[in-house]
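You will see chain A twice below: alongside chain B first, and alongside chain C after that.
Right, the complex of A and B next:
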């Protein structure tokens, strides 16, 4: 082997990586076709900023989505993207991560995609706790199919399928997620507070394990005023702060005075905070870095060479082989 | 199917099935009296030479009949006999003891020559109780007058109802002409071990070794192989029971057979279809199998779970069938081709995800071990009902490759071929096996590993400047896929219609073009296929066409009929989509063509069935529409492999018409 040249190329490679500098444009692809004022735009901006700040290599980054307005997200990233089928973003992303733990994998999913048609996968994704960053774009309505109630629509929401108002209490994605075994990171952001949104996106990215970020976002087209009470009254937002969580800037604290020091390792308190729907908690509710990741539990450190396969296969074939007389045992 | 354990059903079955033979057949054979002069002493009886025999060992679940049967098959294979073993599986894990539907065991066809299928009816059966035997009688699996070795402990059971049921059944079987030997298996075993339930199967194996003149040493080897890991006392006690069974049979039975065999000069592999599939996955270089438990596919994943990690692979048990397929697709998209293994209902659930793989041109191998359908159907039974779903499944035009191995050996190689096709054409390849292949064993030459079976390493080289993620070739529709990690290849794969840049195409024109490209890939594959071989002469009166697990039975029937002078041949298709070239020309060499399949077709004799409404069996529909030839069909959906004797009758009838 030519060790010297290998080492040289490895060094050159490292140097090139250090030199590498990315701009926002390096992650931008096309012009988003979301409505003006749609919360998806804010999420896209925060995520592109994260990619730039973290110098994520575009070819080593994958955004996986399902179906819905939010699931168009990957099309606007100049990375690898997978815009799949309704509800199945999580299992697709799990497959990607299992096969390629070297890739940074993000998931963009909506309230219909995640909490309705893909709800089974949501529960199990939390339990697998693979190292994925999951953004739940929660606008409490089906947008792409034109205004039908979603599981997170507040009770009484008038929509095309609930013209007299929706009948059921909204599902709370935070308490559901916090109720699943192996949950390791749960945060909530609001699209109209971009500073916190970015900080949460960043913390979620750095968490090892599945980070579940619910982003409450506006739908100017179908539910234009539904979030106004929270947007217009900063006191209806509860900012969570902690030395191990987020520390809001002085400027932000001047606007959002309603704050709570919350230790993200305190699960009971997290569930309590998450249960409050009158006031929107914003920040990191739960963060436990010690939950094992499925891909680590299952990943093989064996180097898959033809020789390994040959040996493994032959060992198995030996168990079921009937040898000709006089030729007992092992073939070379 | 019979589900009611009422004795009246038995009477009905006996009358319908074998009642006619009642007076012609011999009545109960009494056990040979000790010291009888008409026979040689133990071990020295003249063995009657047979060309082949079909043996069943049946018991309640958990009494070890399966193990006994598998061992018998393995021993016969080692002697050089051709064998085909079929599991007899109750649908429930622990059906009630002594229940008609609860028969668990194994059926072994042993022959002098190569055996390609389970054959016709059973010649000899060992039954641990009379109720499980009834299930087999009613299913008409036993040959009229066949030998029955029946555990006799029930005759003296404490429960008078059991005694009555035993005596009633016994007497009826005798009256119906079966040669019933009552064997004190329990009593004999109890002289050696405290719990006869554990070990009676080895006693039975010993008897069978005597009956078929098999080397006892080979049976001892089987015991060591099975129990070697446990302590020596288990091995010793099983060997003791084995030897006792052999001795008892030698001293007490008035018959003994030998099925001459020639040992193979090549190493042979003896596995069932599901194990062969799993070994194929191992050999193909695939690294991930995502699955959800479903009968009868699961045993392939069980075995794979045990061995895959040894070569760096993993089996992911997903939360549902859809997730299993999506997980496999995600892994395939980012790395090497992966496989998902399922059965009918699971295959239905995967349809939307399969369509995504077709649209995104992601290589994927989907194994469907077919079972009885529709809906939950008959989970443990054999059927070929999913061919149409495999070819036309998923909404819209979703071209995918469909293959069907016809033998256990082909199960192994089909997976390797499927992986290769999936990655070469960036297509979904569906491999259809069935419950029959899944649970049957047949020896085949031990595969010799070839590096070319394995997937090449994942391409991570930079993509050339200007290259597009879907740069379809005008003639073949082929495009090279970009894999995450490849610099310059960034694009968003989408299930929406898309252009060469993988940009969403709102334009109907582009949509139509891409439909064309995805379809062309099938044609490109078709150009590489060879015409299927014809079994028998290339011209004649009748060509029988089959696919999948019916291969052995069809060819056996054709072979015997050809020997009798009938001008019949057969052709077995391994590729069902695309159909290989040359099929039409082959069919044109015959006056009549018919398919024989195990999926539903309307019965022409039914009152309201005529040519304007008759639904043909699946492959007949395919061949008729493709080749505009008036192809007839015959099908049977009895949950059991079609027997060569049945096929023979069907062919004769067709030739007469």
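Right, the complex of A and C next:
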């Protein structure tokens, strides 16, 4: 482990010698294909701001996604990216992090991708608590496939799969996450409050462990009005503040007067706030920096060189080799 | 450590080098650190060698080999074979460059063939030469021109200028010839018409000869002659006019200023016409004076001939006028069609008399172009113990010529002549004297550097800045004086990035200024002003030369200026410099400053004016602010109570709110901090709405769109942060409805 961390510091040191300054455009790749007015644009802007402010080197940064509108995210970032398969963004990201702990790994997943087909991976990723930053773009609908109800669609949502309105109470990703062992960071943001969104993205990036950020996001195309009550009434948003959490600016406090001081280490209170749905809590619900990360617990002391990888693979494959009679003994 | 510093300071002040602390630089083969990458200059691609294209008098009269090759590759190196062609042709270009720097001369096609042969020999036989042949054939076909190749060496300035001069003179000769032929033809026609009307012209023989042999028997020419003789012209052609025209024809046909077409096709100079190329100012001046009467005669003949052809010549009026023609000399307008003189002199060989002649040429406004070539700007006079001042003399002639106000002046190092080709031509077409002061860089004895590098370094170090002064370009200095060819023209010394590997194999990047001292340090003759500091004795008291130049020295110095240099193995060395060179560098900087001022860079008059205006503006603003503060009422901040807070929520911590900017409801604005970057407004009108550095929208140009668009943007904004204000154009159609729609967003 020591050797690994030494190596990391050496490469970081070499890279830092070239003092580079980035602009937002340096992280922009192509023109987003999202609809005009889509909340994904706000998330992209916040994440690009983070990259710029933290001077993240594009070649040391990876965005991993699954399937859905949100999962087009890596295409628009001029960094490394992995557009994965449906629901499997988290395992891919875990693999990347395990092999290359020196990279900054981000995951962009949607409400369908994470809470439906990828739900099992989601639960276990939280338990593994690897040092990843996960953004759940929750627009409460399947947008890419043109309006089917998702697990987080509010009850009564009319869609192509639920023409009479959905029958079940919506799943609450916050309470689910807060219910899993080893959870270390949970926050909720809303795309229409860019200042808080950015502050949360930043706090999530700086947290060591899996930071889970649910971003409530408008879908102007398929659910244009569904979030209007919250968007147009600032008092239906509860801003969480704390010395160890967010400290909203004076300008923001003028608009969002409904605020609550909440200690992010208080799990019980976090679960209570998270259950609230008529008023949307925005801020850091839970943040515990002391939960160990899986990659730290499981990381080998050996330096992962190409030779080592090849030797390991050969050893595995040799198990299936059909040896000529007697040769097996000799080789062994 | 202390003793080292003391030794360094002592060397700086006295130039004496204690050997236990400092090493001599002789024999170390040091060169400025920034030259490290230019050791093998023929391996690099740069402007040289040049191709001198014949029969062009525009910017294409000289072209760089690499430019031609690039153009050819743009045409020929396409498709799947592009990469192969590119590789081959670039290798050939390098081969030609090596041939040229080795002293080979000839046309581009000749050297191309030689280089191709050498390349083919160097390659292995297995089919490679076939593809090489194909690549070179295709690229050669794309290069449509040919001409002599010229590398950057001692001969270049004269060669290039003569080439340009020849092209300009050839064009001038063609125009002149055309004019002259027209005059001769018309004058001959007048004489011919006169003859036809004379007795002899009406004789039977002449009439018969005019009809020709075919119908010789069909006419009675005697009868015809008799009839014609009776009808004698009433206005007899005056004898004086006939004589005058004959004289004119004589003058025009024997002129020696331009070769006649048949003579030109033979060998110029042989057919008795004048030569205008000189290698001494005195000869040129003498020739000009000797030829003056002939020139006046010819100019006069042309002027009279024009009048004669138009039938405007009146003896009573014009005779007296032309009697005195040219007595006061000719003005540039009259001289313009005649050939210009070209004098190529070398500054080192010039005597004092020659200098005086040069000044006379320049100050007299004669159409004489002078190339003053300087091979060595760091020459050492025998008696002055290493001062640079004598070299200064030849390099400051250009500055003096500028003062004469009507001389076209071009000063440049030869490395920059290609970039200055159009300016060179402009000087040749300028009606008046021109001075080309060119540093060739070819002082091979002084440094081991190739002339191109030496010339470029002189320009870069401000030892020999490039500029032009064109009196015909406009009425003021801003249009006449051009200094921008120098690198980083607004700085004292150009700054270049320099990267090297330190003892720990780490990359170190520094910005180095290239000063006069760097330039001088590459010259072996100045080695005694430098001393190498062994690596273990490097310390903080050694500072870069440019930094030391900016310091005011009071008493004994505690810092010593030092240079970074590299030796033959490209190992970095530090060298300290004595005060004499620093003094020279300071002088060089002062001269550069005065050039900068002429070129409008850091112009002290302008800066003074700016400071004055700025101060006045600030005072005005201050007064306005005070007046405003006295009138404006105190804004009443409404403190709204937190309404509708949920039961579970405590009210917000009472943070002191920062004052909100006062917004008038009439003003259009966006609450940028709340923008969610959703692209609605920017897609509606990308000029009116734009994103800031955080990708949040603001109104970039309120006039770039209509009020209708503002209202539409406000309506479609997902987070309702666009406030359209009041319409700016009261005539916009449908305003009433728009205002109603805008109301919720005001």
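Quick note on the criterion: the second predicted complex is superposed on the first by the 285 of 332 C-alpha atoms of A that agree within 3 Å, B and C clash if a C-alpha of one lies under 4 Å from a C-alpha of the other, contacts with A are read in each partner's own complex, and residues count from 1 in each chain.
Keep this in mind: a residue touches a chain if its C-beta (ideal position, glycine included) is under 8 Å from a C-beta of that chain, and two chains touch if they have at least 3 such contacts.
All of these numbers come straight from a predicted model, not from anything done at the bench.
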| item | value |
| --- | --- |
| First, second, both or neither for A:220, with chain B first and chain C second | second |
| Which superposed partner A:204 touches (first chain B, second chain C, both, neither) | neither |
| Touched partner set for A:39, first chain B, second chain C, both or neither | second |
| Which of chain B and chain C A:293 touches, first, second, both or neither | neither |
| Partner chain in contact with A:316 - chain B first, chain C second, else both or neither | first |
| Partner chain(s) touched by A:77 [first = chain B, second = chain C, both, neither] | first |
| Chain B or chain C, by number of chain A residues touched | B |
| First (chain B), second (chain C), both or neither touched by A:102 | first |
| In the complex with chain C, residue positions of chain A that touch it | 14, 17, 23-24, 36-39, 41-42, 44-45, 48-49, 191-195, 218, 220, 231-232, 235, 238-239, 241, 248, 250-251, 253-261, 273, 276, 279 |
| Chain B residues within the chain A interface of the complex | 74, 77-78, 263-271, 275, 279, 282-283, 285, 287-288, 290, 307, 309-314, 316, 318-320, 322-324, 326-336, 338, 352-353, 355-356, 360, 443, 446-449, 451, 454, 484-496, 503-504 |
| Chain C - residues contacting chain A, complex | 506-507, 642-646, 648-653, 655-658, 660, 673-680, 683, 693-696, 716, 718-720 |
| Chain A to chain B touching residues, read off their complex | 29-30, 57-60, 62-64, 74-75, 77-85, 88, 90-100, 102-103, 120-121, 123-124, 298-300, 302-304, 306, 308-317, 320-325, 327, 331 |
